[in-house]
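Next up: some structures, all given as structure tokens.
Here subunit A shows up in two complexes: once beside subunit B, once beside subunit C.
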Partner chain A sequence: MMAWAWQRFHPVGLNIRRSADEQLAVALVWLLAALLLVFLAWPLASILIKAVEARDGSFVGLDNLLALLTEPRLLEASWNSIRLALMTLALVLPMALAFAFALTRSRLWERPVFRLIALAPLLAPSLMPAISLVYLFGNQGVLKDWLGDSSIYGPLGIVLGEVFYTFPHALLILATALSVADARLYEAAEVLGASKLRRFMTVTLPNARYGLLSAGMVVFTLVVTDFGVPKVIGGQTNVLALEAYKQVIGQQNFGKGAVIGLLLLLPAVLSFSVERWLARSHGAAMSGRSVSYQPGRNHVRDVLLGVCCSGICLFLLAMLGVAIAAAFMKLWPYDLSFTLDHFDFDQVDGGGWLAFYNSLKLAALTTLVGTAVVFFTAYLISKTPAPRLPANLIRSLVLLPMAVPGLVLGLGYIFCFNDPAHPLHGLYGSMTILVAATVAHFYTTAHLTVATSLRQIDAEIEAVARSLRRPWWTACLRVTLPISLPALLDVARYLFVSSMTTVSCVIFLYTPDTVLASVAVLNMDDAGDTAPAAAMASLIVASSLLATLLINLLGWWLNRHAQAWRTA
Partner chain B sequence: MKRQEFPTPAEQGHPSADCLRFTGIHKRFGSFKALDGIDLSIRKGEFLCLLGPSGCGKTTLLRILAGLETQDAGSLHMAGRDISRLPPAARDYGIVFQSYALFPNLTVAGNIAYGLRTSRQAQSRRVAELLDLVGLPGSESRFPSQLSGGQQQRVALARALATSPSLLLLDEPLSALDAQVREHLRAELRLLQQKLGVTTIMVTHDQEEALALADTIAVMRHGRIEQVGSPEQIYRQPANRFVAEFVGHANWLPVHCDDMGTLRLAGVPLASSLALPTGMAPAEATLFCRPEDVRVEPHWQPATNTLMAVVERVDFLGGLRRASLSLCAAREIVLVADVSPNDAGFSALVPGQRVPVTLPADRLRLFQGPVL
Partner chain C sequence: MQVRHILKPLATLVALLAGVAHANTTLTVYTALEADQLKAYQAQFEAENPDVKIKWVRDSTGIITAKLLAEKAAPQADVVMGVAASSLLVLAQEGMLQPYAPKGVEKLSKQYVDTAKVPSWVGMDVWGATLCFNTVEAAKQGIKKPESWRDLLKPEYKGKIVMPNPASSGTGYFDVTAWLTLFGEKEGWAYMDKLHDNIAQYTHSGSKPCKQAAAGEFPIGISFEYRAAKLKEGGAPLDLVFPKEGLGWDVEATAIMKGAKNLEAARKLADWSASRSANELYEKNFAIVAYPGVAKPNGFIPANYEQLLVKQDLSWSAKHRDRILAEWTRRYDGKSEPKK
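This part shows the complex of A and B:
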């Protein structure tokens, strides 16, 4: 009986003792789990709490939600959000599909150039296309006549801006989906006498179905939760994301803001769960025996796709270029002479050069801290004997940010850290909180990149290293880290560019001392200083581009340096 | 029957002479019983092979020994020291995996010296010494990706031996190599192990490899050890049907044990050095005989265990011919005989020919129950 009871409460009778270095790993895992709890789980939980609180902090249950649901203003905003997202979707998906098809299934020689231009919007804040649209079609726009009686300030402007903003995201997903094509299927279809159209309909599209669905959900979520474009060009059109911003910043109504935040969470959570469900039922598209598809010669296809891609590139370049050009001109469109006056930010409100330096600081810190935290977290939970509880906690927490729009996370941070009772209240308004929020916001993509690369490394490498009586950090620093460097550079580039361009996550968290470039763009535009706003946005693009180029150069150099062991 | 030529480790009697002892090791993965009470001991300097089909638990046992997996119950003792709960680094072994697991970004020298904590000079001396030992002198500055599979495996072996561990663990070390390299490396591995005298445990599913390399083989199935013995014992005196079937080819012949205790194959009385275990009811039994032990006679000479058979088919196997013979007294019973050109009955192997066949009494084994 005693033995039975003992076994019952000690189901694993034997635990292997951990060596000193492994005990340190365990402590680190607990620490990282705690960090994720404090900077991710807690802010999200406080949204839930705020949603059921009145202004004075008393519990009101679902009153906030019910009150909002009866407000025609909010219903209209919700309907606008959905309508605009669907309209964007209808434009972006065919465009991105054609573009992805051209990149992966044609023999156009300009493909690398097309690809570069198509991904350029990633370097710009979402406000930038809106500014360009104002310059082109706004009240003083050069092409205002094209629109006839309709106005760019409203649904039209929002949709065009969002198309620019979401295009690269959709393209990346679709290009990946199309690039895994099994040539054997096409050969079989051809042998069976299927026409080209039929082959496209029966082989290409079904294989890209998963990609289309996931691109669609990403675009939908991005549009619904973005408030940069509607803020600049929305005119009288109210959307949910804007409403949350107004409630919190304008009216200090945290309860209402929290409820809208929860509503914004819905599409993301929905698409996230559909994605997870699909990923489970969707087997690997390429088996080890697949033969990769090589596009054949087809002039009609290539010319058509070439025209199509050129058109899209022209649109993207215009949206990027007009704002940049306007930044260097005295008074668009009346006086087009060159000037640098608009870069003299100290003449206007909004934060000036301090905002730009703050943004660089934020991006650099986020890149350094984020890359290090993401790598060591992924390393410790996958390569060391980490205890199950904190490891599983980390595994589920790191997937959360993917389902949480930046605006919602930002709301969570303000609710959480603005509370004087919070032990880390002192962080509020500091650069630290901005770095923490930004790292948390972009955590999932960074984690998945590192985790995938770590999974590709033979698990037995760590086993051998342990048997050779060296602490885990020796294996980590001498072997695993060098092997994972390419993935780490990807993560660094992603984090830098994302933190330069993000607005939604940080809009609630900055103070006059920590104002950021992307926020400055918003504020300057709000104050009517459109040209300085365009100048600041151009600076953001330039620094993102420069960082990308530098990191790519570093990657190229490392790759050449490591060629001896990487290839062959 | 001959006495056992090699004492099995379990019968050695001096626990102190054991280098390593597993006692009652159990391991479950969910509802799957991976190891179900493993007791095994290994002498110092012994080369032990854990042999069994995939899923038999042999790799799990090795990983538990390496400290990479935790046993649910049971203990491990190494040179009298309880290592059941020690972390891998404290267990004093070197390990070689099927995938080699070489550090791809370190040179051969960097790989081998990874575990060495001596001066730089001493390290490079030791590396050169080990590279000589495994037959790759002068390849210090090369990277793993520049080596062939066989060479990578040698480097992995050198790395495992670099710290002079008292135990060497090999997890299917040769199965990723092609046949010729494998055979070559097998012979070298054996020589090297004997030269260094390091206690070695190898996991393999390849019975040929186990028979060629091991001092002792432990055959495993369903998380249990079916038999422990020398390769000779495992091959000649399999303890049960599973071992007999898993190792080598075999004829399984239905015999009947009559009231007098006489064995009859197709009605013909047989002599066997083995009787059925006492107390077993006279009933059906199965006779086990290796194909190379079946003797095809050139002429009929009445003798014990000699029967007439018809040659059904002859397959050419290079150095041998494999004849399928059906017994004249019961044509449905077919036995297979491996005959070499030097054997007396070789010329008689023509399909349709009737030939006398002898089953040597000392090579037969008897198992309870009908042919499966």
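This part shows the complex of A and C:
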């Protein structure tokens, strides 16, 4: 974004001979563009190729697609996916809207606590709520009677699990949408005599419609592409994401898996384009003259919202807590005494403690490599005279992962790197490939965070460094990097937690040596070892939480010691 | 100049790493054995063959079979151990196995070894169908103990039975082939149609139905005798039921892959797998092992267990595997809503 600013200082433009350090920057930009091509564009392209290939690799055109379309089970699975996603939406959007409203438009003192609890599901793999549901509403569940005659195994369980899993994602978007409000609109409405309800309907909701739409799209995509919840609690209900898993892992039928991967890409691509289109037509809600809205006193509103939020928090805590509690109990429901036996992972399938250590390793590597790559890429394309072709390539590639579900990216990786003819075939089955896939999967959010922070830094810093004949890395390491530290910590926390919990992106890529904790949860549940699965999921939550706390602590310390200039 | 500076230490590093890798042979072994059995087998084999290390790739029978078939062009496995003979016969038909007669193979019971002159696969033990019946839940829900496969069709068991998915589980597959053998092709499918109405879930693994029965999640699990006996031993309120029409079964066997990268070490594992000392370990888990005279009676499994097994032809199971699984998947997989 800052390239134009840089060019202002180089009116002669391309004719200028680049200094040695700039040549290095150019080389690095090309290198990073190449990396993104190899680890992002190539795997995605190989899905397209696999989709038109038979098992033996010969070209079959649309046969795979046609074969699938005529299978009634696939149509049923597609219909289930859509239906369940819509049901989840119908539940999660009002919940998240009310919650976001309470966080931004009430004077409840509990708001920080509510916020913390509401974001807790981000720390858990999507399998965890499903395991909790088995303990709560399964045939031996403590609350089985609540369901009457219906069974938790099936649509009901899937929807409840997905509500837990998608709630914080919807909440974050809606809370951001609601937090920008122009008080002048409310004043005008009040002066014109609009009732409270009318003000909500005509001012609040229209202003939040962009947020609502984008939250809806995110939730829909998450549900359609998640297979953790349906795998554990789906019973005989088949969904598209499960079908892709069955085709690729169960039957090693890559062609059919690729076609399903493409189908799963549809809702994501659709929502991505709608969102881009909206973003262009949607004007800024806050202009220079806006007055930020301060919620007034309103007891009825606050009490209602408080009750509503407490209810939601109770649901979220129950879904998290039951699995943790079950991890420490001997034999649910016959013997509830305390035990640590279920943490003896080496006695059951799934990979044992190795899986947990591997996950920590993956999370640490992803955090380090990911944060560094994301920062330097964003820096080089915005603050140095990067050549237009690779810079534009990078700019469009980094937005791609947002539209690609983890399951689809994982499929792309297996198709791409499992091919013995691929020059990087040697990476297949290594930790490197897992790190690359995870970084690629979470790239967009990380990039946008860094890019936003870099945009706030004056371009003249680089110009001054240059006029002082200092190479760009001096300006970068001494000035820009320290200023961007808070944003980098955000990225680090996001990458760590995401790589601890992701299942869909890595399920196709692990080997016995690189098995991961989230995958172990899935495999243990598959083998019927539900309590150890709950124990492993609890460990994931604990380590995500610990990492979050540590990073927050580091941020607080930095804020006090290294960021004093911000307040000076 | 500069390039050479970088290359030299790099070359040294590669040489070093390669040296480490070759000090011991690492054997890649695909297996469907249970996780709690692998440790003991590996420890005993590595104690007897200190220069070979085993790297397991473990999954359910169906998945391991699919993986092996998918890797036909470039096999990753050296040895397949503890995989259903009906699956190994499929691989043999595809010409993917390296025939080899392990030391002492002549001492093993003939019916559990490949009939070819130089056998492609050699049996380890037999595992067979067993119903896990949760007595506590049954008393609570007022259901009677089933005695036969036919009993499972009674309306009182609706939504109370779990069985493994035959496409992923070897246990599930021998249940299906046994019904087709016992009742005949047409009657067999008719039986499964009716059974399907009573099934609450088809699970990924053959152990899970019994574990779910043990936890009381579903009172009846169609599983196999090792898991059932193990869970009962651990204190689960289970009765083991051996349906009177006859039990499906398969042989867990070992085979060497054609094109194995470590053929020498692969033969050592095949030799060990057929040895008395290995069979003494299998005996701890199974009532019937390939080495005659090693098996001991197990308190939870009847002494005449071997006579309860159906007379069925494993090569028939192998030959029709694709067709039977396609038909089963078409009829039952993911087509129904969960039972209420």
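Heads up, the rule we're going with is that the second predicted complex is superposed on the first by the 552 of 568 C-alpha atoms of A that agree within 3 Å, B and C clash if a C-alpha of one lies under 4 Å from a C-alpha of the other, contacts with A are read in each partner's own complex, and residues count from 1 in each chain.
The rule we apply is simple: a residue touches a chain if its C-beta (ideal position, glycine included) is under 8 Å from a C-beta of that chain, and two chains touch if they have at least 3 such contacts.
Predicted model, so just to flag it, every value in this text is computed and none were measured.
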Output check: A:S81 vs subunit B and subunit C. Expected answer is one of first, second, both, neither. What do you get? neither
What is the contact status of A:R478 with respect to subunit B (first) and subunit C (second): first, second, both, or neither? first
Have a look at where A:T221 lands relative to subunit B and subunit C in the superposition and call it first, second, both or neither. neither
According to the stated criteria, A:R470 is in contact with first (subunit B), second (subunit C), both, or neither; which is it? first
Of subunit B and subunit C, which one touches more residues of subunit A? C
Please work out whether A:S504 is in contact with subunit B alone, subunit C alone, both, or neither, and reply first, second, both or neither. neither
What residues on subunit A touch subunit C, complex-wise? 72-73, 76-77, 134, 138-140, 149-151, 153-155, 235-238, 242-243, 249-252, 254, 331-334, 346-350, 420, 511-513, 526-530
Mind pulling up the subunit B residues that touch subunit A in the complex? 66-68, 70-73, 84-91, 93-95, 97, 99, 101, 103-106, 114-115, 143-146, 159-160, 162-163
What residues of subunit A sit close enough to touch subunit B in their complex? 12-19, 22, 458, 460-461, 463-470, 478-479, 482-483, 562, 564-568
Residues of subunit C that touch subunit A when the two form their complex: 34-36, 39, 55-58, 62-63, 66-67, 69-70, 73-74, 136, 159, 167-168, 200-205, 207-212, 215-218, 235-237, 329-330, 333-340
